[in-house]
Amino acid sequence: MTMFSASIWEESSMGILQVEGINVSYGLSKVLHNVSLKVGKGELVALVGRNGVGKSTTMRAIMGITPSSSGQILWKNRPITKRASHLNARDGLGYVPEERRVFGSLTVWENLDVARRPPREGLEPWTEERVFALFPDLEHFLTRPAGLLSGGQQQMLTIARTLMGNPELILLDEPSEGVAPLIVAQIGKKIRELRDTGVSIIMAEQNLDFVLNLSDRCYVLEKGMIVYHGTAAELRDNEEVQNRYLHI
Amino acid sequence: EDGPIKVGVILPMSGGSAYVGEGIFTGVELAVKQVNEAGGVLGRPLEILLRDEQLRPDVSTAAMRELITLEGVQHFIGPATSATSLANSQIAREEKVVNISPSAKTEALTAGENLHDYIFQLAPTTDVDGVRTVEVLKGIGTESICFTGFDYAYTHDWFAAVRANMGDIREAGAFLVPMNATDFSATITQLLSADCDTVIGTQFGGSFIAFIKQATPFGLFDSKTVLWGSNTGDHAVAAALGAELPAGLWASAADVWYYEGLESHAAYQEALADFQGRKETDMWPITGYNAVKFLAAAIDTAGTTDPTEVAAALDGLTIQTPLGEITIDPETNRANSPEFYGRFEPQDGSNAARMTDLRLVR
Amino acid sequence: MTNRSQLAFLALLFLILLAVPFMGSRYLTELTVQVMIFSLLALSLNILVGHIGLVSFGHAAFFAIGGYATAFFLSRWQLPLGIAMPMAVLLASIFALMIGALCVRLKAIYFAMLTLAFSMLVWGIIIKWKPVTGGDDGFVGIALPQFLSSPQNFYWFTLAVVSISTALMWVLSKSTMGQIFVAIRENETRANFLGVNVRQMQLIGFVLAALFAAVAGSLMSMYLRGMYPQSAFWTQSGHIVISVLLGGVHSFVGPILGASLLYLLEVTIHQYTQYWPLVMGLILIIVVLVLPEGLIGLFRKLYTSVRRE
Amino acid sequence: MFANPMILFIQVMNSFSLAMNLFIIAAGLTLIFGVLRIVNFAHGAFYMVGAYLALSILGVTGNSNLGFVLGVLGAGAAMGAMAFVVERVLLSQLYDKEHMLQLLFTFALVLVIKDVVKMIWGSGQYSISAPPFLRGAVNLGISPYPKYALFLCIAGPIIAVAIWFFMERTRWGRILRAAREDRVMLNALGTDVKLVYSGVFVAGAALAAMGGALAAPRSAVDPGMDALVIIDAFIIVIIGGLGSLLGSFIGALILGFLTVMGSIYLQEWAIVASYVMMVVILLVRPWGLFGKPDEERH
Amino acid sequence: MAFLEITDATKKFGGFLAINAVTFCVERGARHAIIGPNGAGKTTLFNLISGLILPTTGSITLEGKRLAKKKPHEIVQIGMARSFQKVNVFPRKTAFENVQVALIASRKLQYNPFRGAAELFRDEIMELLEQVKLGADSERRAGELAHGKQKQLELAVALAAEPKILLLDEPTAGMSIAETLSSIALIRDIVQERGITLLFTEHDMNVVFEIASTISVLHHGEIIATGLPQEIRVNDDVQRIYLGRE
């Protein structure tokens, strides 16, 4: 029962990341079934779907946090399926988790410092100044323990922290959750800027407007399976898919 | 009945006091070997069943009950310390099994209500030690005395006995520390500034070594005469401390391998050295050795292994030990075991100091 | 394990225990008495560890208080058992109320260490209060009521007391109170914001745990015919914690399995080698690595594999 | 005693040198707890092994100044190497599991180590003497004082400052503190957390072992030494606040002074003094003197 | 007298003024939203009201009873329930048990060591779970539910306490559109049906305008505007500092 839209994925274009038929289980319950997706260089791909369909799990599997039991993940054409997550991080993958896992007792600056990694060829290196230009709020709280920040401030910090690692691909899990509308708009803008500098992004998001405005392509998940993918524009026009998998 | 006679041996075999248990056990093994090689007792060999008491009365009594009910053991040697011996003695009374305590020195073990027909105490009690200690102190010329030691029964009893006997020797202070303390610097400073010419103390084992090492640089042994109880005259202690053992330290010991006064002792030492594979043996084996010899003699005398009769045979029994004749007083169930007192002096050609002025006190 | 299989296990255990004295081995009978007492002790601690999620490193204090008080009431005041034992348990519970009120204000490791400190205070007092406790020699020689002096009768008495206590703890663990205990373990703040007075409930649990520990202590002092300061020492508390963990904290019967295995291992390894700590240690390491949920995990695995076939 | 300022001074010195001796041992325990969140019961056993290792090393090198330095460092290195194997092969499998299992594991380790030590070195006592340059006493002007105790008074603060600098002023230290909070996240940010954990465990064990080697010249090397030290180390770490280095330093000072002054004024009642102090401190400051409550945001 | 009154409440963290002399009230039966930028102090305000932290100065009353010195559980017993911004459930209990605990606590059965808990309140619990669309997940452990579902569970747990006033801190954050829509309907209906007073925060303006009958705007710890949704929507300050629409 899949509803693939035919037009968009040209087989010829090489993805920077290819996920090929991965399966993931937590204990006895299987959560991802044969999930495949591709991300091109400088592309912003969105994962959408209801709660619990496996968006976060897909990201964790790519990052190497929750290993997949079968299938293959290729990063720049090299298999990284079972590689430890720190090696993935050093190799250019960045992960922004949904639960805002800031290091609570470290100050904001220390949170950023801990994540610092050498710059990557072809990408403008991230510095504190650049990060603060993106999230001016953070600069006021440089010496405050991150655990004391408000929810939204923590959200910004997690994104900023990942940027300090100079990633080539960012896995962004619900970046707009708990963030005030003004900042959501700003984050959206920044995400686009990021992508324009050549960084690839996979984003899981509930805010459909946000997704459709930003992303190049979207994958729709349902019960651990990819049930649709297409360009953002295609998804916007496809009310059937929207109603079936995203609304009530 | 045939087959071996089972002897339950309950000793500390782990932790900081394992060296005591292992020492006593060596003596037990040696004696059992000798007895068995000589044809056993009543024609039956002795068989040892060893259990670790862990210095815990609940563990030592559980071990005793296990040996009684599971193995049918009726004769026991051990435990090593006062607290565990007191506890096991209750079981011995209740179960009517022979219990020879080789090393516990507390008066309480065989005094008042605790005395019963089945418990026998081989080590000199603290009252006996008190008398002997004062005798030695008077010989040294002590005029005033300071006490130090762990806060436990043996210390209290020994000090009380010394006080009761010391006559015109003046007491200039008692500085007790909690059991198992490891830092004695405060006490050492106090002892140094106290108005006494002699210090007597009771820390044993590793704590004694720690005391010595902490006290030496302060000059305690240069400015005072020091006499130690708790059988610190043991060669094991001297060997451990080596050159760090301060010359002139007075101590007591149940046995020293270099004593040359008795034929029987020389024979015992030869056998022990043979058994252990080293000439310079420690003190504790003799206590276990004598315990086995007493038990064997009593069974022999009784002509049966029945514990009640063996216990009766032990009353008033005299045997030849490496240190001469020892008798168990039928009234008190205590043996009149002798002990050595002496003063440590470094030895030429050896790392371990030995006691000179050695006296075997009876 | 499901409730039903745990109940079946307990029933089976009870039947086996009924048969033990008829097997004709006094050793077995006495060994079983000790195993029952240690199981009761482990179960009592599990009210704290397993249900409320507080790990006490001072539980032995109440075991000791129960034991010493029983010894004292029986021997010095010559009270009948029917009064001495409840009084000893009551005394331990009052101590628990006072100590617990101070301890439950702390969390996790700090709670563990404060309980440890209090138990060491109890230990220190036992050592120093010689006229009452016998000091470091212990309270030696307890005047047991005549009817308990035979090993058989003592067995029946222990079985009755332990069974009733176990039944009470079972009911508690399945009750609404038990459910709230577990909620506190899982998430204190959330429980608090559901209207649960967390400190108060923790204190209730603390006192209940101490109460049953005192029962165990009381039995132990009578079995040993004495009580010793080591029973209040922190290593004894550690021993109880280990029995509970070894069995598994998330089920009712786990601590029974853990305490039994630990004690039986200690006793039997002792009989074969003086290197029993080494053997114990290796066994524990294997259990930790292979059976992270404790012995109960093993049972659960066996159970599910049997069910599947 | 106060009447005689010289004796008072000596007793203060005694307190301080004991405190530093204790601190060196507690530092490793704090470090391991601070990052791995493991209450390491085996710390005392590591300490004991350190003393025995130094003993064996000194047996080869002889009792020289260099021998002593080699003994202390060698004990740390050898213990560290063993700790590395234990951590990699066994302990690392338990990080994701329940906290209590780690406790059980370290307890089991104590049993194993004790017996292995007994198998290798026997159950007798040994003694390590102070190196020649630290033997005897130095004249402090008003009274002689053991050189070795003085040496501990200096070594303790140096070690404290070194660890503090590392933890608070270097990026490595920041990474350790982050690892304590969320190892999965830190790993996903590119840090090899497994290596960090091994490193901390190794460092903690090595500190314990060096503590044992350094303590040996003023105590005995025997199979009971671990049991005696572990409770002191725990008390220090707890009253200071778990994971806080400064706390451990102050905690060691408090316990050092309490032990020395307690044995003067309380004599044998000093046995409960440290527990009374622990109770009082925890009741007034439930997270220890310098600990932080595990406060969470909601 | 208003149902919930906050008078001149101030909260300082060190030198930082998180809540600055806030005075406002919530009328009985109101659905009152607090909106404001990140870090404005919304969660802090909730923490003050629910007793998690103490105000530096100021007073808070519910139906005239002073709350400021009361412990959280006492405030709950007076009739206040809350959810948390960061999901806060009993992770190893099933969804069913999560709700059951709330019921046991609200009926004060925690003091009964004899009453069996097993199937207690099954029907009631299932009904609540159905309402938050978790009927099928009732036997799953809460910690294993996806983030959004945990949020739904939080709602059920808060409702189970049968509060007079309900505090929800970003109840739909992380929920999918589908779940958000049904949660909006659920919250509105239940609150109306049971006559519960609602105080909530949310950054999703659709949710705010769907539910709220009154809106207050918090900025830098101060209330800068209170009014009907249509008033707030067009308020210039709100536009500028919060919504960011030109």
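Every chain is named by a letter (A, B, C, D and E) in the order it is written, and numbering of its residues begins at 1.
Assume a contact is a pair of C-beta atoms (placed from the backbone, for glycine too) under 8 Å apart; a residue touches a chain by one contact, two chains touch by 3 or more.
Remember, it's a predicted structure, so these values are computed and weren't measured experimentally.
Chemist: State the smallest step count from chain B to chain E, taking one step as a move to a touching chain.
Modeler: 2
Chemist: What chains do chain B and chain C have as common neighbours?
Modeler: D
Chemist: How many links in the shortest chain of touching chains run from chain A to chain B?
Modeler: Counted as steps through touching chains, the separation is 2.
Chemist: For the interfaces A-D and C-E, which has the higher count of C-beta pairs in contact?
Modeler: By number of C-beta pairs in contact, C-E is the larger.
Chemist: Can you check how far apart chain A and chain E are, centre to centre, with Cα atoms defining each centre and the answer in Å?
Modeler: The answer is 29 Å.
Chemist: Chain D to chain E: how many Å between their CA centres?
Modeler: Centre-to-centre distance between chain D and chain E: 48 Å.
Chemist: Could you grab the centroid distance between chain C and chain D? Build each centroid from C-alpha atoms only and quote it in angstrom.
Modeler: 32
Chemist: Just give me the whole-number Å value for how far the CA centre of chain B lies from that of chain D.
Modeler: Inter-chain centre distance comes to 35 Å.
Chemist: Which residues of chain A are in contact with two or more other chains?
Modeler: Touching at least two other chains: 148-149, 151.
Chemist: Counting only residues that touch at least two other chains, what does the list for chain C look like?
Modeler: In chain C, 127, 189, 277 touch at least two other chains.
Chemist: Please output the residue numbers of chain E that touch at least 2 other chains, ranges allowed.
Modeler: 43, 52, 84-86, 88
Chemist: Tell me, which parts of chain C touch chain B in their complex?
Modeler: That would be residues 25-27, 30-31, 34, 127, 135-138, 140-141, 220, 224-226, 228, 230-231, 267, 270-271, 274, 276-277 of chain C.
Chemist: Provide the residue numbers of chain A that touch chain D in the complex, in ascending order.
Modeler: 63-65, 84-86, 88-90, 95, 97, 101, 103-106, 110-111, 113-117, 147-149, 151, 161-162, 165
Chemist: Across the complex, what residues on chain E touch chain C?
Modeler: Residues of chain E touching chain C: 50, 52, 71-74, 76-77, 81-82, 84, 88-93, 97, 100-102, 104-106, 109-118, 120, 157, 161.
Chemist: Quick one: which bits of chain D touch chain B in the complex? Just the residue numbers, please.
Modeler: Interface residues on the chain D side: 4, 7, 10-11, 14-15, 17-18, 21, 114-115, 118, 123-127, 129, 135-137, 144-149, 217-225, 227-229, 259-261, 263-264, 267-268, 270-271.
Chemist: Taking the touch rule as given, give the residues of chain B at its contact with chain C in the complex, in rising order.
Modeler: Residues 13-14, 50-52, 56-58, 61-63, 65-66, 69-70, 82-83, 86-87, 90-91, 94, 106, 108, 113-114, 152-153, 179 of chain B touch chain C in their complex.
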